[in-house]
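Naming follows writing order (A, B, C and D), and every chain is counted from residue 1.
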Amino acid sequence: MSFNTYGHLFRVTTWGESHGPALGATVDGCPPGIPVTEADLQVWLDKRKPGQNKFTTQRREADEVEILSGVFEGITTGTPIQLMIRNTDQRSKDYGDIAEKFRPGHADITYWQKYGVRDYRGGGRSSARETAARVAAGGVARAALSKLVPGLSVTGYMVGMGEKDIDRAQFDFAEIERNPFWTPDAQAAAEWAGYLDGLRKSGSSVGALIEVAVRGCPPGLGAPVYAKLDTDLAAAMMSINAVKGVEIGEGMAAARLTGEANADEISMGASGPEYNSNHAGGILGGISTGQDIIVRFAVKPTSSILTPRKTITKSGDETEIITKGRHDPCVGIRAVPVAEAMAAAVVLDHFLLDRAQTGGMRGPIG
Amino acid sequence: MSFNTYGHLFRVTTWGESHGPALGATVDGCPPGIPVTEADLQVWLDKRKPGQNKFTTQRREADEVEILSGVFEGITTGTPIQLMIRNTDQRSKDYGDIAEKFRPGHADITYWQKYGVRDYRGGGRSSARETAARVAAGGVARAALSKLVPGLSVTGYMVGMGEKDIDRAQFDFAEIERNPFWTPDAQAAAEWAGYLDGLRKSGSSVGALIEVAVRGCPPGLGAPVYAKLDTDLAAAMMSINAVKGVEIGEGMAAARLTGEANADEISMGASGPEYNSNHAGGILGGISTGQDIIVRFAVKPTSSILTPRKTITKSGDETEIITKGRHDPCVGIRAVPVAEAMAAAVVLDHFLLDRAQTGGMRGPIG
Amino acid sequence: MSFNTYGHLFRVTTWGESHGPALGATVDGCPPGIPVTEADLQVWLDKRKPGQNKFTTQRREADEVEILSGVFEGITTGTPIQLMIRNTDQRSKDYGDIAEKFRPGHADITYWQKYGVRDYRGGGRSSARETAARVAAGGVARAALSKLVPGLSVTGYMVGMGEKDIDRAQFDFAEIERNPFWTPDAQAAAEWAGYLDGLRKSGSSVGALIEVAVRGCPPGLGAPVYAKLDTDLAAAMMSINAVKGVEIGEGMAAARLTGEANADEISMGASGPEYNSNHAGGILGGISTGQDIIVRFAVKPTSSILTPRKTITKSGDETEIITKGRHDPCVGIRAVPVAEAMAAAVVLDHFLLDRAQTGGMRGPIG
Amino acid sequence: MSFNTYGHLFRVTTWGESHGPALGATVDGCPPGIPVTEADLQVWLDKRKPGQNKFTTQRREADEVEILSGVFEGITTGTPIQLMIRNTDQRSKDYGDIAEKFRPGHADITYWQKYGVRDYRGGGRSSARETAARVAAGGVARAALSKLVPGLSVTGYMVGMGEKDIDRAQFDFAEIERNPFWTPDAQAAAEWAGYLDGLRKSGSSVGALIEVAVRGCPPGLGAPVYAKLDTDLAAAMMSINAVKGVEIGEGMAAARLTGEANADEISMGASGPEYNSNHAGGILGGISTGQDIIVRFAVKPTSSILTPRKTITKSGDETEIITKGRHDPCVGIRAVPVAEAMAAAVVLDHFLLDRAQTGGMRGPIG
């Protein structure tokens, strides 16, 4: 990851600002021969699209993606794929106030200090709108994975919102698509609706806990010791706006365990090694084990709230600010498809890295 | 981060196995004109060195670092610095048993599956011994920082061990150097000694929670949106052996907060902006604010324990394993200097990246 | 340089095919605070634009560049700059014949063999049309250089066409802009017009020799030993379509000299070291000396000619091919602005790399 | 290529100075399962070793390579391979004079200006001694290639020295190993011996023209458009000390040809496409065709000569200098094994890159 590019071999460079004419992603290193259409990518963009219900920002964006290069007659050619999304509903008048004031919790002040110039309209480059480009690129990664690693799936879902957690006993993958929170616990979804609606009406916001499960990943992906699969997943998630923590498997709770409790014992199954538990989150020594890969991360509450907060102006004067723009009461909701996209890109990237170094050969067991 | 290299411009490539003749780090991109001697680096290696007390592995390694290149008459020349540490106490007879069996929680099985060949002696490349090279390279980063960013300090310390946390009210930076746990809470240190001794005697192990504070970091370091300072710090920590989670500032707990509670309000101080709190951990939009940078991570319990665990052999037979080698009951202790080294390298790297792009110019406030 | 990206810190990723909807460049790492407009970039694109006279392809392209991101109110913000150029005159019917046949000297056969799929229309990604994106990105590099290194200039010109060379005694920088060959020798320009017109009418083509001079470059740019300034310039030129050789200073002729003849003796001038000659082409040990940097390269003759050439089809049948599309009789002419753009990007990139590592500090002489 | 590292996936970082304790190469990304021993590498180092005959420097170096990591029981493990070569015959007293004076044609002055500090002993990092590390790393690349691409060979040879060229009609691959110039023309070898001996006795030096042929390379290697195989080969050769020009196939002479003369017509052979000529040097559009890959480069005459040359001191005083150290009258001779090593590394790197992106699948012809 570097500046505006992520990936070693499947390399995505995103570009664009919240209120510029367009934003997008330049996808380099995609394998040739992968079927992919704008409609395929649109499916994922529609998941992230704002304005779909009262729990997400009321900004109306079609988020229609155009493929400008790298795909010929519906097939990737191995050349760079340019994905462009036009900005249509920019309403930049909402943001006149923040040209001079720095919003607490936003990147306004640090962009100003670093660059000495900033596109203040809607947060410019630091807007979560940038993540639309990641989702489009993630769609390409998914298309490649579905050809190269059939059976692999990447699924994100919300496991906590504010003080409220899901009940893991109620976990149902099929439920995820059915509620606006992408949560696998139907009862939690019902409860959260009221909770979040209250926060929204009061102009407040709340954080969230998201998990991504990669199922069907073969063993052997990951490049120790500094491009470990978990290292790259952690970086991928931490690069998403508002993320403050990342966990693999047991995560922070691993600090609390003893060696006996944490050991994932190994037995021999019909088609290879099996594990009696998955504290490791599917990764040992930076390399996938073949178990489900489990990544979890925390999204902080949306910083844009209606309660006045103390801040300063560019001139150094103290003042207060209320952020009146259209915002998400829980920006974590829309982080779900973004995290899926990042996970898909990381896994594809590591599939390619592994194929380069080992040719996909695996050390035999049994 | 890629394969065995980390850093964008201050680039460190570590090499070497636990039981080979030597290990080390190739440090490229260091600024010229930095005073650095072997003795300067040895200070940090001695912090990490095994066998210093009963809470760390009884392997005896001098961990003496040699500078083979890149330093002339005590001054860096801008050319690559080769840092070599000879392995002296290899006792590889301890590890004969694990040539055929895979230790649960270790990378034995995944290295075998990925590469089809592995140096099983002491974990080979996946051994925590690799971190000695990071500490040496971190010493170079510290030397450069002390010249380029005077006043900046990087301090790691333990804030939790197993179920036991420090009392933040007792936090004392001066205490950190005085106890074997690098903890800032003297009372916790006393209590943990007995707790860990009990675990050690029973052949068990426990996880830990480490924090690193970077104080005196100027605003403006960090390269959005994919080389964010927090992204790179998260990757740096997650790349350390046994780390399962990383947090910046409020971390995973940010998921629990409302926007009002999480806002770090800004006021105008004598020498620039000041913040009334530091939920952000010193980073906004991936760029440093000038506040303390706070990174926290969890280390899982040492996987090598004396209680038998179920596993399989290379032939696919089910068996049990006890790991009899010399190990740390809480490997988190020795992760403290490693994390400091990684943080120093990341901060220096971003200082250089920022100097490249902006020339160190800062947008004025007030 | 990697896949579709060049540059270490000023990183340009080009995308797009000859007959797709658009092509462009994603420019990452540009310093903030640089004034740049679409009109500034258009100047350089107009130099490269096809259809300007009878010596360049009759394809009519407006080559109008749009800035889609990274520039706010006419100033670069330090975020990625997306430069898009729409393809307007695609006439893909010209290319139906080459869907099945491989044109000798073109990349048709190798793209097919490597990728198993190719956009055959006008050469797809391997078309020299890709260089329009480089020229646009080079315009950004020039804008940055004019602010960061005032007095530096980058000038390309043709020094040979087929068997005909310029007379170095007639070299006049002012002449370069006055003739369609960008040559500094007015008499050569007059002579070449008739020569090339004859080749054009006969459906033939010819190679060319181009030189780029970077004047006013400060000493100290270049990062030994594998990102030497001459290494990166050689790579930059060799990456241009149809280039088969690159020289620095004395170039291939250096093989013929003795040590006495080749030595650039040093004396002390008013403002620093001076050199009595410039066999080195302004670079010693990969680092600029402060003299003019001289790069020269050879462009092979356009492979598309009207004389039938033997080839094979995808089915493996032997056949002949005539390339009837609109082509340049001497593609070297349009390589001049492309080479300037590449040189500007390399020099800016090295200015940034040097600023990162040394802070621009220079070892004093005298 | 960047700072001290070359390669995309097979990445080599060299380190060390001419008169430090050691130098070497850190080789990352090597495929696992490759048989390689110190003796295998020593073969290539012995080709480059100084002091073998009167035509190379009389410095006596054993150039014995030690493998410190990454190889277990004679097999690469996929982890970084550290190759170390001790410096034994340093005689630094020879170089006392050049601590204050800058030798014309050497990097003394530019290293000083860039870094403000330099290891002046024997040229420090800019010494051609650095190339020993490349040769060792190239040995690893050759070992990998011989397993992964059986039948591929990399052979370098001298085709010109000063004003004297070989007679291509006398070209005999078997002759290359039989003479001290690695030239394929026995008669040229005989003639050059007297010619060079005269130059040597007079304390002069001369340049050389080297060619490398890669035979048996499969089609499809090369990653357009900025990691073209020819681009990477050009960069690899240009990064070698004293190289001033690089050519692929027809090279600079391509500027002189017409399209008809330059076309490599294609026919259908028994096992795939065949070409009636090889002006392209085995590469089209940056991708290998399956023909021999031909790279040629010019090495300037050794700058260290016995005739006094004008120069300046660090204090800015004008003076003269004679270089009395032990030097090669034609440094091009020892560039032959270095160029082979670089070519082997580039080809292996592109084999891995191609395997990553395409999986080695090839578009069928016929």
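Note that contacts are C-beta pairs under 8 Å (C-beta built on N, C-alpha and C of every residue); 3 or more make two chains touch, one makes a residue touch a chain.
Because the structure is predicted, anything quoted here is derived from the model rather than measured.
Taken over every residue number at the interface, the positions common to subunit A and subunit D amount to over half, indicating a same-residue contact.
Among the other chains, B has the CA centre that is most remote from the centre of subunit C. Note on chain placement: the centre of subunit B and the centre of subunit D lie 39 Å apart, centres being C-alpha means. Rounded to whole angstrom units, the spacing between the C-alpha centres of subunit A and subunit D is 45.
Per-chain Cα centroids separate subunit C from subunit D by 26 Å.
Touching two or more other chains at once are residues 3-5, 14, 29, 32-33, 78-79, 114-118, 125, 224, 358, 361 of subunit A. If you check the complex, the residues on subunit C that touch subunit D are 1-6, 8, 14, 102, 104-107, 109-118, 125-126, 130, 160-163, 199, 204-209, 219-228, 230-232, 234-235, 238-239, 241, 244-268, 273, 276, 279-281, 283-289, 298-305, 307, 309-312, 314-318, 332, 354, 358, 361-366.
Those residues of subunit B that touch subunit D in the complex are listed here as 3-5, 11, 13-17, 20-24, 26, 28-29, 32-33, 66, 68-70, 72, 75-82, 84, 114-119, 124-125.
Residue ranges on subunit A touching subunit D, taken from their complex, read 9, 29, 31-33, 78-79, 224, 352-353, 355-359, 361.
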